[in-house]
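Both complexes shown next keep chain A, but they swap its partner, so chain B is in the first and chain C is in the second.
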Partner chain A sequence: MKGAVTVLHPGRALILIRPLWTRIYEWLTVTALIARREIRSLFSSWIAYVTLTFFAFLIGLMFISILQLGEAGQMRVLYWNTAIILIFVLPIVTMRLLAEERRLGTLELLLTSPVTDWQVVVGKFSAGFFWLLTGLALSLYVPYLINRFSGGTADLGPYWTAYIGLAFFAAPLIAIGVFWSSVTDNQIIAAMGTFGTYLLLYIINWPTEGAAGWAEIFRKISLYYRFQDFTAGLIKFQDIVYYLCWTFLALYLSVQVLASRRWR
Partner chain B sequence: MGNRLRGLPITKTLRRLIHENALPILMTIAVLSIGALTLRLAYPATPLYWGSVLGVAGLLLLALIAVEFRELLTFLISQKGQMGTSVLVSTLLLIGILVLIVYVADRREISWDWTKIKRHSLSPQTINVLKNLKKEVKVYAFYDAQSPEFPRVQDLLRRYRSHSAKISFQVVDPDREPLLAREKEVTGSGITIFEANGKKERVSFGGEKEFTGAIIKVTSDKKPNVYFLVGHGEKSPEDFGATGISNLKTGLERQNYIIKTLKLMTEGKIPADCDVLVIAGAQQSLLPQEKKVIDEYLKKGGKLLLMLEPDPAPSFSDWLDQWGLQTNPGIVVEPENNIIADAAAVFALSFRFHDITRPFQKAQQEAVLFVTARPLKRKSQVPSGVTVSELIESSANSWREGELKGAVRKDQGEEGGPFILACAVEKTISDKKKQRTVVIADSDFFTNGLIANLRNGAFAASCIHWLAGEDVLIEIPPKEDLPSRMFLSRHQQVFTVVWSLIALPLAILMTGFIVWWNRRG
Partner chain C sequence: MIQVSELTKYYGETLALSQVSFTVQKGEIVGFLGPNGAGKTTTMRILAGYLSPSSGSAKVGGYDVVEESLEVRRIIGYLPETVPIYSEMRVREYLTYMARIRGVDRKRVRSRVDDVIERCGLRDVADRINGHLSKGYRQRVGVAQALVHEPKVLILDEPTIGLDPVQVREIRQLIKELAGDHTVILSTHILPEVSMTCQRVLIIHKGRLIAEDSPENLSRGLMKSQRILVRLQKPPSEPLSALKNLDGVLSVERRDDNLFAIEAPTDQDLRPQIAEAVVKRGWGLLELRSEELTLEEIFINLVTKE
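And now, the complex of A and B:
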């Protein structure tokens, strides 16, 4: 192949890479803007505060009752229960995310503006996640006090993994909430659907406890089953992947529902 | 045929019925499918149950499609239908990809242990063993699926596998996998079996220390040497006759043992590679010099399988005395379960709990047949440092028949049972060394003529296996969480309640109120 010379364009690689980075950056900027707008809107309604109060109060109640046992290692029960509380509280937080916009008719405005459905959905999701982080941050006094009360002998490792676990555990829950909120403009239906889905995913492994074969699959589907390792101080890569997959699936479905408005 | 049927009024009514109730029928199909799945889980052995339910659901679906065929087709070719289908297909595709990702991720063990004591990590010793593993090790753990031990063992073995691809494992409930449990001779929960090229090791419960020890044992290339003492009328592994024990030899060799005979009179010492010494029913007394050599051997942590015979065979009472045992002339007569009505035959069903008897834990369901057993009893005072564990005993109705002349019945001076038919004796020599001996009251039970009876062969092999078992000493410190107690002063208690139940919730509520107030203004 005489004369076949590969011509290298010095700028080419740069051109290929730069727009991608710029695009990602722009995408993130817009998403962050939407997220900020959503967070502001969520925290300017009473719902965020009432749910946070409820959340903090229940954690406080359990904290005190487990404190009676006088054993720092028992506090993992608190985080098991925190996950259960989230199952009850999160539907109320997420129910209005998209449903409210549909009800007020502002969703059309948002969808016809030059933002993509993904940006809208991720923005809404971020608002819910911000609520979660706030709630978790407000409970950080638990490890602090445990450390104080045990004179520094308590192993705080499992506490931090429990918090990381709660964040990963709640991510698919919030995404499912976003999905239900995109399906209906009725907030009550959105909350009920969300709660029902949580409950199903929570109890799905109950009738199959310990069995092999199909039961193994159900156990793998169950969201709560995988959470418990986190409270024992162990972070498993596979569990993180699992929660992220659920989150992605629920967000993808929300995007499809939003997109379907254009062809339905 | 469809066209001909279409004219019939009954078909028309049916079609209308289905058409008007499409939604309820669809829901019924969904419910039936879930029901079928539940039945599949509840009765996996009878596919008829879930199969028939699923069949009904399938028939309903077919009927629905048949009736609504035209509507369905119209919908599918419409723009809505096309978009919907493409979304459905892409969603299913995505679910498939995600399931695959989760499946692949689940087979990896990448984890971060954030506990202070590294509770979830293997010790460096274990990791070292696993890195140098050359053989495939198969692990079967049998645990009750309801017990908290089940996931614990599963996690532990998963960690083992993450360090070596040579490890493969199964954690199963023995009740749910009865065939596997039977194959591995497991009758209860809490047994873990390690297998590597023909070698097998059982671990009862236990954790990392025991598991790693078992892996070292099954993968070691060492073949245990079993020496049979000869020269005093003992049963010989070279003897193929009915009173020989060549069958036992063949069986042991198949399990990786090397069987040799030992003429102590000519050789004068016990070879250094001797793992187990067997005295299989000596008929004449050992020379004092021989006894001395064996004594030396035992003092260095030697393992001995001593099988007795009734008088006039030697009683070995000087040794038995050291081990907290005593014996009398005569034989054990067992009237219970003695179906062959032979005074000398003892059907023994009472297995006591021990490592040796673990394969025979089905109480009163398995038996060993002894013939002419020497009466053996535990002394009231067992010397310190010695533990005697009965393995099999005769029943309480058995007795010592002193004179075999005349009628066989319990006479005056003939003490009653139960008698020890086999026992394991452990004597502590030093901190790490133990002398192990198994004493069996009979040596006929494992001869070629009797070994095939009941569990005779398995019991003999189990005794030798226990004696040859090395104590793999690896020091893995136990991972117990140091309890960190919390004692709250009155002041701290009040503070906690005020802070977590009143101050913090109230502060959040106040913030909400202020936000609401400002917005209102």
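And now, the complex of A and C:
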């Protein structure tokens, strides 16, 4: 009975009649607005530039040292290490996403606007992801130069899968960053929590190295372990699903944290 | 437009709001009055859909603030206590962003932003960065963002706090102009503010609603007697008996050398008689006025009455 009453409500009825795609479009428009504002804010502070410079510099350094060792064929090591650099750099990028809004009090404004908690969280996640894409774009000279100097004979396939892998590997990391940023208004704590979680998920398979049986589970939990296949040119469906599950879980928890303010 | 019934809110163990009920009609300006920590901000946050009540219900424009939070948020404009602005954005950019977030049609955003910039007197600073604005301008930007989507209900938490007297007057004027089209609920801890802008006052203390009336009735009803202040140029050495003997005077008190406070019943105005008596005796009337109850006194009155 209660459901019927709700449907008959004029506002609700109108929403039900509207075609699905308009609703999706509207949902995305607002989410994109939140993301765009965050990106502009990120790139109007020093954080984005310092982290991107640091990130690009380290990749350049690794690129040169791999070339000097004459191991151009082993370029996947570069991408393994890129993933590890992300573990250090991403907490600094994600720590401000929600914590800054909380500190400024603008979160209160955002959450009293006709915006769902999911839109806020996905918007923030997208801003973090934009940083990642910018960072990865800055390293595209690596496959370019390899291709150029090999005279077009190099197999670039593993490079592209490595980039796809990095994007999927970083998605849960960014989502975990969003989560920690939703928990506290102290950005240092948000960064530490994020970094701690990353490390845990990174090394969780170490004690199980070489072991079989139940130890297999820990290896499967490790985010980093699965990433290595991507750099070998392998894209496995279950790995992608795995990364997406982690991303969803972390974003879901962030939404729950935002929603919990109402009841505290 | 707003129906609140038996609203109760606990923060952990602490009771912040207890059984608060009131209604606000369309087009009304209602003031929420109370000391800091009385529960004003909590009530406003619940109305704006930021917090959920522990029990009780609130409806804004017919929508339940918990069940239909998004619908409520579509029709309200909210100015929190700490004016929330992104310090790296420019004023116009910020208002445009807020308008879009609040669902203003893309084609209308520009004209809406121009309109609030004009109404809130922000034309000179429209292209400045928020972080560089003075406190007064920040507050106006805060009011502007609450207005930009033409909300039916405006919820303003301490809209004039920290402003200089000229700015306070401007904001009050602006709020008054909004009545009629918009329903306004604002909080303050300054009594004159309420009497100047609001048609009705809700006094809240320790989480409970302890009085609800028009500002005039409130101060009149609470005074058992009225006080008239007389300042004399040449006060006689013994003027008290002469004033006391006037019909209706309850008591006379000497405040300082030439200032006297006369208690009189609220139902009759003794000022003409007092003036006449003073002039007749040649004491030199410098000042004659009835003393208004301050918020403090109303408060002490209400709280001690309990």
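Simple rule for what comes next: the second predicted complex is superposed on the first by the 245 of 264 C-alpha atoms of A that agree within 3 Å, B and C clash if a C-alpha of one lies under 4 Å from a C-alpha of the other, contacts with A are read in each partner's own complex, and residues count from 1 in each chain.
What we mean here is this: a contact is a pair of C-beta atoms (placed from the backbone, for glycine too) under 8 Å apart; a residue touches a chain by one contact, two chains touch by 3 or more.
Bear in mind the structure is a predicted one, so any value in this text is a computation, not a measurement.
Novice: Under the stated touch criterion, which partner chain does A:64 make contact with: chain B (first), chain C (second), both, or neither?
Specialist: The answer is first: A:64 touches chain B but not chain C.
Novice: Can A:263 be said to touch chain B (first), chain C (second), both, or neither?
Specialist: Both partners, chain B and chain C.
Novice: Return first, second, both or neither, reflecting whether A:44 touches chain B, chain C, both chains, or no partner chain.
Specialist: So A:44 meets both chain B and chain C here.
Novice: Please work out whether A:236 is in contact with chain B alone, chain C alone, both, or neither, and reply first, second, both or neither.
Specialist: first
Novice: In the superposed arrangement, does A:153 touch chain B (first), chain C (second), both or neither?
Specialist: Only chain B; A:153 stays clear of chain C.
Novice: Answer with first, second, both or neither: which of chain B and chain C does A:106 touch in the superposed model?
Specialist: After superposition on chain A, A:106 lies in contact with chain C alone.
Novice: Counting residues of chain A in contact, which comes out ahead: chain B or chain C?
Specialist: Tallying touched residues of chain A, the top partner is B.
Novice: Which partner does A:224 reach: the first (chain B), the second (chain C), both, or neither?
Specialist: Neither partner.
Novice: Need the overlap of the two footprints on chain A, from chain B and from chain C, as residue ranges.
Specialist: Touching chain B and chain C on chain A: residues 44, 263-264.
Novice: Which of the residues in chain A come into contact with chain C in the complex?
Specialist: Spelled out, the residues of chain A in touch with chain C are 6, 9, 11-12, 30, 33-34, 37, 40-41, 44-45, 104-116, 261-264.
Novice: Note which residues of chain C are touching chain A in the complex, please.
Specialist: Within the complex, chain C contacts chain A at residues 11-12, 45, 48-52, 63, 67-68, 70-71, 73-74, 76, 78, 80, 82-89, 97-98, 100-103, 145.
Novice: Any idea which chain A residues touch chain B in the complex?
Specialist: Residues 43-44, 46, 48-50, 52-53, 56-57, 59-61, 63-64, 67, 70-73, 138, 141, 145-146, 149-150, 153-155, 157-158, 160-161, 207-215, 220, 232-238, 241-242, 245, 248-249, 252-253, 256, 259-260, 263-264.
Novice: Enumerate the contact residues on chain B facing chain A in the complex.
Specialist: Touch residues, chain B against chain A: 37-38, 40-41, 44, 79-80, 83-84, 87, 91, 94-95, 98, 101-102, 105-106, 108-117, 119-120, 144-146, 150, 172-173, 176-177, 481-488, 492, 496-497, 499-501, 504-505, 508-509, 511-513, 515-516, 519.
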